Amino acid sequence: MDSMTWIAVTSIVIAGITTGFGTMGPALAEGRAVATALTSIAQQPDASPTITRTLFVGLAMIESTAIYCFVVSMILIFANPFWNHAIAQATGN
Amino acid sequence: MDSMTWIAVTSIVIAGITTGFGTMGPALAEGRAVATALTSIAQQPDASPTITRTLFVGLAMIESTAIYCFVVSMILIFANPFWNHAIAQATGN
Amino acid sequence: MDSMTWIAVTSIVIAGITTGFGTMGPALAEGRAVATALTSIAQQPDASPTITRTLFVGLAMIESTAIYCFVVSMILIFANPFWNHAIAQATGN
Amino acid sequence: MDSMTWIAVTSIVIAGITTGFGTMGPALAEGRAVATALTSIAQQPDASPTITRTLFVGLAMIESTAIYCFVVSMILIFANPFWNHAIAQATGN
Amino acid sequence: MDSMTWIAVTSIVIAGITTGFGTMGPALAEGRAVATALTSIAQQPDASPTITRTLFVGLAMIESTAIYCFVVSMILIFANPFWNHAIAQATGN
Amino acid sequence: MDSMTWIAVTSIVIAGITTGFGTMGPALAEGRAVATALTSIAQQPDASPTITRTLFVGLAMIESTAIYCFVVSMILIFANPFWNHAIAQATGN
Amino acid sequence: MDSMTWIAVTSIVIAGITTGFGTMGPALAEGRAVATALTSIAQQPDASPTITRTLFVGLAMIESTAIYCFVVSMILIFANPFWNHAIAQATGN
Amino acid sequence: MDSMTWIAVTSIVIAGITTGFGTMGPALAEGRAVATALTSIAQQPDASPTITRTLFVGLAMIESTAIYCFVVSMILIFANPFWNHAIAQATGN
Amino acid sequence: MDSMTWIAVTSIVIAGITTGFGTMGPALAEGRAVATALTSIAQQPDASPTITRTLFVGLAMIESTAIYCFVVSMILIFANPFWNHAIAQATGN
Amino acid sequence: MDSMTWIAVTSIVIAGITTGFGTMGPALAEGRAVATALTSIAQQPDASPTITRTLFVGLAMIESTAIYCFVVSMILIFANPFWNHAIAQATGN
Amino acid sequence: MDSMTWIAVTSIVIAGITTGFGTMGPALAEGRAVATALTSIAQQPDASPTITRTLFVGLAMIESTAIYCFVVSMILIFANPFWNHAIAQATGN
Amino acid sequence: MDSMTWIAVTSIVIAGITTGFGTMGPALAEGRAVATALTSIAQQPDASPTITRTLFVGLAMIESTAIYCFVVSMILIFANPFWNHAIAQATGN
Amino acid sequence: MDSMTWIAVTSIVIAGITTGFGTMGPALAEGRAVATALTSIAQQPDASPTITRTLFVGLAMIESTAIYCFVVSMILIFANPFWNHAIAQATGN
Amino acid sequence: MDSMTWIAVTSIVIAGITTGFGTMGPALAEGRAVATALTSIAQQPDASPTITRTLFVGLAMIESTAIYCFVVSMILIFANPFWNHAIAQATGN
């Protein structure tokens, strides 16, 4: 395996793992937040606007951690500086 | 194993693992959200429209993390830039 | 082991693992949703139509993550682009 | 080990693992669903027809994930396209 | 190790693991179902016929997943197509 | 290591592991079932005949999964078709 | 390492592991059963004969799974057919 | 693999893992904080300003640990001193 | 490493592991049983003779699984048939 | 791989892991502390100044452990004595 | 590494592991037993003689499993038959 | 890799791991202590001086274990006797 | 690596692991015992002499298992018979 | 790698691991003890002197296990008999 293949292979592996595992935490956390929102609404229907507003702010912050992972994956697949350097070096050679 | 085979093999492996494990979290989270929705409806049947509406918004956000994983898998199988580069290099050679 | 065998072997391995492990999460989540539906019906028999309707929508969304896994497995076994490319290359040679 | 043996061996391994581990989730989920059905019946004997009906629908959906695993195992043992290709190639040679 | 030995060895390994681990889930699930049945009978002795009937249906469905594992083990030991092919090839040679 | 030794060694390993780990699930499940039976009797002494009858049926079904494991172990030690084939081949040679 | 040593070594390893790990499940299960028996007696002293009788039947069934493991260990150490075959072959040679 | 490839590969791997796993803890912690905020609002709607204010301060501190991970990933991809040294050495050579 | 050393080394390893890990389950189980006995006595001091009697029977049965492990360890260290055979062979040679 | 590459590679790996995993504990701990603060405010709104003050002191101490990890990562990337020694040795050579 | 070193090394390793891990279970079990004894005394101060007596008997039995581990460690370090045999063979040679 | 590189590499690895993992326990413990302090203040506002005083003493003791880890890391990076010996030997050579 | 180095290295490794992991169980157990003692005193201040006495006896027994581990570590570092034998052999040679 | 390097490397590794992991248990245990002390004071403010006294005795005993680990680390780094012997041998040579 030459250098470019190594970089390609590890980029593929890590892009998949980062998204695959990194979304596990946010998914579970969002599930928990949604679940408590529902019980809270059932318990106090009058406070549902405050609850849903707080819920959406919270979901946005939790989703942000999932998006960090997705961004890293996309950078590794489509804007990988090490890969670009390797291609530049290969064509420049 | 030459370079193309390595890239093909790791793409297959990671496509499967990303979807296989990455959907575990969302599935459990959705199960939890649905379960609480049901208990909430049973506890407060009058609030069922608010509850189901909040539930569907929440499920959509949780499902989004599962879709990130599925998208990464599909990119790795059908729109893999490293594979395309390798094919281009092989045919151009 | 030549290239084709490597691709065949990893396709088999990942097809099995993706389905075998990827259905674990949805199964547990569905079990949880069904279980809560039953307790909710027992607790509030009058709301059973709303409960079963919400349950089926929820089960459909959870099942969708299991189906992502099954779809990836089937793609890897029966519509694998890397395998098709390898066969094309082998016969074209 | 030649190519055919590799394919045979991995098919055997993955067929076993997919069924052996993939049925763990559904079994636990069904156990949970059945358990809650029983407590629900004990708590609200009058609702037992609704409960058992919902239980059977739910068990069917959970069982479906176990059946995905079993189907993948059977495909790998008895209708494996990679194995068929290998045999065709071996006899055609 | 020649091809036949590899196939024999992996068949033995997977037959044991599939049964050994695949029965763990069903056993725990059945234990849970039986346990809840007993508490339900103690709580509502009048509903014991409905409870035991639902219990037996549920145990049958859970046991079915254990039987999938046992069937795969038996197929791998006594009706293994890869082994049969290997023997046919060895004797036909 | 020749072929026969490989088969003997893996048979020994898998026979032990299948029984050693496969009985863990049933043991825990039986412990749970017995424990609940005892609390149920303490809670509702009048229903003890129904409880013990249901308990014994349940224990029998749980024990069956332990027996699958033991049967596979015994088959691998005393009625192993791969071993028999290897001996036949060795003596027939 | 010759064949006999391999068989001896794996027999020793598996005999120990089967007993060492296989007794873990039964021990925990018996601990649970005994613990519940004690709380049940404390809760309902009049039902102590029924409770202790059910307890002993249950302990016997749980102990049986521990004994399967011990039996397999003893077979592997003192009545190992593969070892006997190897000795027979060695002396008969 | 030469030195530069090793550095590139490990930078890719660690950038992915640090973000992928390092966001798991913060995501779960934020989910927990949001969930408790919602139950607290439902329980004491009058205190919702204090609660949301404390929640946002807490989320900011938890998010800070996720941002440490993201910062380390970005440093490793775009401002890696070891990579810069290697490039400098390569071009200077 | 010659054969005798292999047998000695694995005997030492397995003797330690069997006792070291095999006593973990019984210890935890006994701790649980003793703990419940104490709460039961505190809850129902009049039933303390029955409780302690049942406790001692139960501890004896749990201890038996720890003793199986200790017996296997002692057999492997002091009455190991494979070792005896190896010594006999070495001296008889 | 020469010495400098080894040091660079391990510094990258450990810098990522230390931050990635080391922030997991603090994140979860802060989530727990914030969550309890919210329930405490909801339960006793009058004590909210004391609660938020104690919360911030506690968060500061927990955050300190996350900062230890971040500091170690930064030292390894930007002020690594082993790397400096290696560079000094390389240039001095 | 010659035979004696192998035996010495594995004896050291296993002696440490057996004690290090084997005392984990008893320690936790004793902690549990002592904890329950304290709550029981607080709940029923009059029964403290019976409780402490039962506690000490129980602690003795749990401690016995820790002592099995310690005994095996001491045997492996100071009365190891395999080591004695190796020394005898070395000096007798 | 020569000796100095080995020592440098392992020092880097262990310095990171000791801090990264060793602060996990203290962080969680402090989170727990702070959380209980908050609930205690909410429950008994009059005792808040005693509670905060005890909390700070406790946090100090828990933090001490995190500081042991940090100290070991710093010793390994900046005052490593093995590294100093290696440098002395290298320069003295 | 010669024999003495192997023995030294494994002695170091095992001495650390035995103490490092072996004190985990006792620490947790003592934490539990102390925690329950405190709740018991809070619940029944009059019984505090009996409680603290029983607590100290229990802590002594739990600490004894931690001391077994520490003793084994000290024996391996300062009174290791295998090391002494190796030194004797080396100097006597 | 020569002998001295091996001993240095393993000493570094084990010193870090022993402290890094060995302080995890005590930290969690102290967190638990402090947490219960706080709830106990909140529940029974009058008993706070007894509680804090018992707490400090308990913390001291738990801290002792953390100190065993720290002592072993320090011995391995600064008073390692195997390292001293190796240096003596190296200089004496």
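A, B, C, D, E, F, G, H, I, J, K, L, M and N are the chain letters, set down in written order, and residue numbers restart from 1 in every chain.
By definition in this document, a residue touches a chain if its C-beta (ideal position, glycine included) is under 8 Å from a C-beta of that chain, and two chains touch if they have at least 3 such contacts.
Not measured: the values here are computed from a predicted model.
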| item | value |
| --- | --- |
| Shortest path length from chain H to chain K (each step joins two touching chains) | 5 |
| Any chain that touches chain H and chain B | A |
| Rigid-body rotation angle, chain M and chain J, from Cα fit (steps of 5°) | 75 |
| Chain centre separation (chain J, chain K; CA means) in Å | 38 |
| Whole-Å gap separating chain A and chain I, where each centre is the average of the chain's CA atoms | 49 |
| Separation of mean Cα positions, chain F and chain D [Å, integer] | 21 |
| Mean-CA-position distance for chain G and chain F (Å) | 11 |
| Residue numbers of chain I (touch at least two other chains) | 1, 11, 13, 15, 17, 19, 21, 24-26, 28-33, 35-37, 39, 41, 43, 55, 59, 66, 69, 73 |
| Touch-based graph of the chains, sorted into line, ring, star, complete or other | ring |
| Ring order of chains, beginning at chain I and proceeding to chain K | I, K, M, N, L, J, H, A, B, C, D, E, F, G |
| Partner chain D, residues of chain E touching it in the complex | 1, 3, 6-7, 10-11, 13-15, 17-19, 21-22, 24-26, 28-33, 35-37, 39-41, 43-44, 46-47, 50-51, 54-55, 57-59, 61-62, 64-66, 68-69, 72-73, 75-76, 80-82, 85-86 |
| Contacting residues of chain C [partner chain D, same complex] | 1-2, 4-5, 8-9, 11-13, 15-17, 19-21, 23-39, 41-43, 45, 48, 52, 55-56, 59, 63, 66, 69-70, 73, 77-78, 83, 87 |
